[in-house]
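The data blocks that follow each hold one structure.
Each of the next two complexes has chain A plus one other chain: chain B in the first, chain C in the second.
Our next item is the complex of A and B:
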């Protein structure tokens, strides 16, 4: 019973958070000077400007617009894009979500795998040349923005060696086809994962290795290999498991720079452009939907924890 | 046939001959590539509704998939040549008021339905529909009754656009307008299919953006579109002149990074490009030299200028000085435009000593060829700018020296370039007049616009693109109370207004040209604005591209008659 109450409480908090995010986004957007039309009417005569504002209802008072927006949100209706008439958040996410998701998943799979292997290497060979190489490598990777990687990869492998297309993304068979288009963007985006997961696993493994039960295990006469595989790795994976769902949730949001450099029809580029163009309905919609996904993942993670580790539930639901 | 239309006919024949010379010389078939597919960059369109067109990217694509009365190509010396397209012929009445258009009977929409005069009449009336609030409605205001219909005073029935028969319609102007033919050649005046628009509205379809609801009467049709990413055009088999269209498919891609564009161009994955980042001009010279790229540079119909705050309802800027002619003129003359061009435009632009750019014509005379640029004369006349400025200060009753004056300029989203330019402004004004300049930086356009609308500046720098090839497209911006006065500083001068009004209704090209010249001189002498430079466009195309046109107005590229050589 207490578990159900715990879950319901989490759900309520989740909905409240979403409402607050939506409200904050609305008012922040409203507080920014100018609006979606200001760039468009910039060079139009006054009379046309007034007409346009009336046409889009942007001349209405802010509270009235807030109520309209919130009512729409309740019904899952975020409204039409002001920049691309007729497009809705749902239609845009349907078109662009899968693209960003595939790119994000590929980057994550590759990056996390390599990252974990490197982290393992660094932890096992602690203090050796390998360890330092991994540390230096990950610091390097984490401090170079992926825009730089993207441009470099593009210049060398597409421009000079012509091994891959300079830009593009598969149009058919969007989940599996056209792998040659995805190689460079995947590489450009996986370095972040490599660096963060390598460091995370290394730190976590070293932490576990200092625990007394490892000493116990070793004193039992287990080989180093067995200790690492059965005791250290399993326990060291707990923070990784916390981290993974978050990475997964962020996958769908896409990457502005990589999508921009490789001309990929993803969400990241679109979202940033929508913010810049102050396309209020789209920004509201995307923010709410992405927050919802994110919060939902956190919610599921929380629930899973409480199942895996009852101590979390007993402590009052703190993570 | 009256005198006017005879003259027009001779111009048209000359145009036809010119375009023929533009076409690649007929050679053996095997010289041409088997696959006639174009790869280009573009910016995604906000809409595909011809009446609602706003930006150059929309002009670009809509010009290729739709067609109006005329189609504009560029001749070998890069001047615009309008040829009859949707229209087969037209007449202008003796008084210059009534234009009658005869449509080409073989024109069809991509669904096989003929293009009719009704399609044009529907379009022109929709353009000025007050409910729609289309950006370019103003272009049709010359038609009798149009403006009052748009303002909600007159009735739709009173707009002087008349359907004569299936292939003939006419429009009557309130006053003669020498630029009328140039205006109606533009995309907002292209025909529309009202039946489909109404059907879309009824079914809740999205006419503005859903290409699948549209039919096309241009050389190409839209076959696919990925929002903010790509668009595919394929040849329109119903197009009346399809025998002269060789390209079968056009792949348009959104490529935001200029380095990626360069990468694509260098690896021949892009067929032509208007260069955004002029840093590549030097880098690509070797490709031009070894024949990989064809290159040419062409004046853009644009001017970058300084707008002074002289609005009637403001105080003449934070300094309170901007309403004085001498002060404005001294500031205008203080900038060394040659140096500006060398420092900030890599010497690739043209320093501006007048408002109207090169290439703008009145009749068949280019305005810049007909007179000297007024600021050059003024520069020779006023050698002591400090003295001129001090005279101005005396006139407004300012106590003190130029050193006591601080002007404010406003900029947004600063880049290294704009920061450097404003530093240079500061230096120029300090050196030549002795005054101080305060540069207010705003993080984005919106905040900057609020500052501008609140008149928190003495001057700012801005660029303007002309809409059609007649000097009036620039000169009109400085008449009293015009719709754009807000962005131009609000210059107001009765003498200038009278000259422009007289020119607009004059039917004599020579007289009109002289009136423009006189008006521009007044504008410059009275410091109505300070032009800085005229931009040059840098075009690159692969060596195998033939038949490409880059008109000054309308579409950036007219690629419908392009043919690719074997490569």
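Our next item is the complex of A and C:
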């Protein structure tokens, strides 16, 4: 059965990719000058230093550490944080994952919805003032880094108008509570989605409108509305559907900077700090988990695609 | 005897005063692809404004500090945190350094880094994509697998890790940002070349006995350069963003080097008291990126032969 073979092949590539990513991360971390302990042990006596290194296994030769790490990964054991004692990757993801996920999802929901509506407007009213406004608006949005947006929103709405808290994140009821904390970070991050989805939908709709089957549909006597709804939109959504899962996978880690501006205790910010402090186990664990989510989403997209469009399965490649 | 109908000879027609009809001859000179692209671009006011804006920015980057007569490193303890004035167009920073010069200098480095990264992306992407399309078969599928694995590595994570290994300096930043950037270009080029190879005009040209060199020069390259220019134009803003964001997090270029990102992160700490220290670098950054995006948009329309 060709479908099963296709899926299995993709799965094998996925596992290989994950293994390579873990290996690359391990050796990159090992190649980094210094280590997580070097700052801590400076003033400690020699024996304590030795003990500390033994505790985290940092004194062993690199290949031995590699094998230990890989064995741990197989069992889902990433080890304990070197900087924050007693924390493991799992406990950190449990704590901080929902924070980043909520922020990312809110940004996406708002941004993608507005973006698609604007794209639709621009494509339907092509050449009109509306089209022009949407184009200019989306270029403007793309050109302002969300970092600057975040700083501006914080300064104006939190600093001067005092409508929202300057920094922070709801501590209880992490999925629904404390919405006033989430307004500004969500706004700051959604502009990118608005701009890219508006442009994507417009381009894809115009592409479809140039096809001959649209001419056929129109010459059949369908109204403009029917052509747009039944023929153009359905076909124009194919690129959007490929793009969406990628955005979803990226949205978890996507707001490093917004998290940093609003002091949101999310995964992204934590990751940056862990990299800076060379907290090997945490960096390793987070990289592998984030990459796994990312690759898994690509895998699912591929599979869904091959169900929707069997040609891809036969031709291979081409995402 | 009836004369068979015939055309007049040029000599005869001159004698009876008829200028020969030259219906066969092209009245207008044919336009090459590039001429028509340039003509379309020139008609696009947004794109031309963007081009003009970029030239102005370039001018200030090159000659800015000479015009304002200040120096971006001179520390002047008596002129700290001054508001914009005739002497200091953008004001001064906490150490009394002229902000205008610093912004010029920073914009220069940001642009330079973005340009180099974009060039690396294009060159490596072209070479790799070209090789995939040229060799095809097993080589192609192995090279494609490598690209697939590389792109599944989350980009920001790679960048951060590489920065840690090489160190926080300009070279490290360049390598970190370029390490997987070329994958998208390589795929695009491969796709485009493969598609071109199958097109009717390339086949027709081969049927008519064109040499491989002619096919490559006349068909392959002109039909790919458009994509490359677009790629260049759209990747520059993203490099400027990445550099600025990394510098903002303290993971970008370190030491004395200044870029727009460094200036923005310096300005952020003084945001409440001296907002212009954040405002000017941020505005320049937005201005440059906006110009590149508008130019890119104009180029997309101009370079697309279907948009006549």
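By definition in this document, the second predicted complex is superposed on the first by the 301 of 319 C-alpha atoms of A that agree within 3 Å, B and C clash if a C-alpha of one lies under 4 Å from a C-alpha of the other, contacts with A are read in each partner's own complex, and residues count from 1 in each chain.
Here is the rule we go by: contacts are C-beta pairs under 8 Å (C-beta built on N, C-alpha and C of every residue); 3 or more make two chains touch, one makes a residue touch a chain.
It should be emphasised that the depicted structure is a prediction, and the values quoted were computed from it without experimental measurement.
Chemist: Quick check on the superposed pair: does A:263 touch chain B, chain C, both, or neither? Answer first, second, both or neither.
Modeler: first
Chemist: Which partner does A:294 reach: the first (chain B), the second (chain C), both, or neither?
Modeler: second
Chemist: Which partner does A:278 contact after superposing on A: first (chain B), second (chain C), both, neither?
Modeler: It touches chain B and chain C both.
Chemist: Quick one: classify A:32 as touching chain B (first), chain C (second), both or neither.
Modeler: Touch status of A:32: both partners.
Chemist: Which of the two partners, first being chain B and second being chain C, lies in contact with A:159: first, second, both, or neither?
Modeler: Both chain B and chain C are touched by A:159.
Chemist: Regarding the shared-chain residue A:46, is it in contact with chain B (first), chain C (second), both, or neither?
Modeler: Only chain B; A:46 stays clear of chain C.
Chemist: Let me test your reading of the model: by the given contact rule, A:151 touches which partner, first (chain B), second (chain C), both or neither?
Modeler: both
Chemist: Between chain B and chain C, whom does A:55 touch in the aligned arrangement: first, second, both, or neither?
Modeler: The answer is first: A:55 touches chain B but not chain C.
Chemist: With both complexes overlaid on chain A, does A:96 touch chain B (first), chain C (second), both or neither?
Modeler: A:96: touches chain B, not chain C.
Chemist: Which chain A residues lie in the overlap of the chain B contact set and the chain C contact set?
Modeler: 32-33, 151, 155, 159, 260, 278
Chemist: In their shared complex, at which residues does chain A touch chain B?
Modeler: These residues of chain A touch chain B: 32-35, 38-40, 42-48, 51-52, 54-55, 83-87, 92, 95-96, 151, 154-155, 158-159, 162, 165-169, 171, 260-265, 269-270, 273, 278.
Chemist: Can you check the complex and tell me which residues of chain C touch chain A?
Modeler: Interface residues on chain C, with respect to chain A: 46, 144-145, 148-149, 152-154, 156-157, 160-162, 164-165, 167, 191, 237, 241, 244-245, 248-251, 264, 268, 271-272, 275, 278, 282, 285-286, 289-290, 293-294, 297, 306.
Chemist: Spell out the part of chain A that touches chain C in their complex, as residue ranges.
Modeler: That would be residues 13, 16-17, 20-21, 24-25, 28-29, 31-33, 135-136, 139-140, 142-145, 147-148, 151, 155, 159, 210, 250, 253, 256-257, 260, 271-272, 275-276, 278, 283, 287, 290-291, 294-295, 298, 317-318 of chain A.
Chemist: Which residues of chain B touch chain A in the complex?
Modeler: That would be residues 46-47, 54, 130, 133-135, 137-138, 150-151, 206-210, 226-230, 253-257, 259-260, 263-264, 266-267, 269, 444-447, 449-450, 482-484, 486-487 of chain B.
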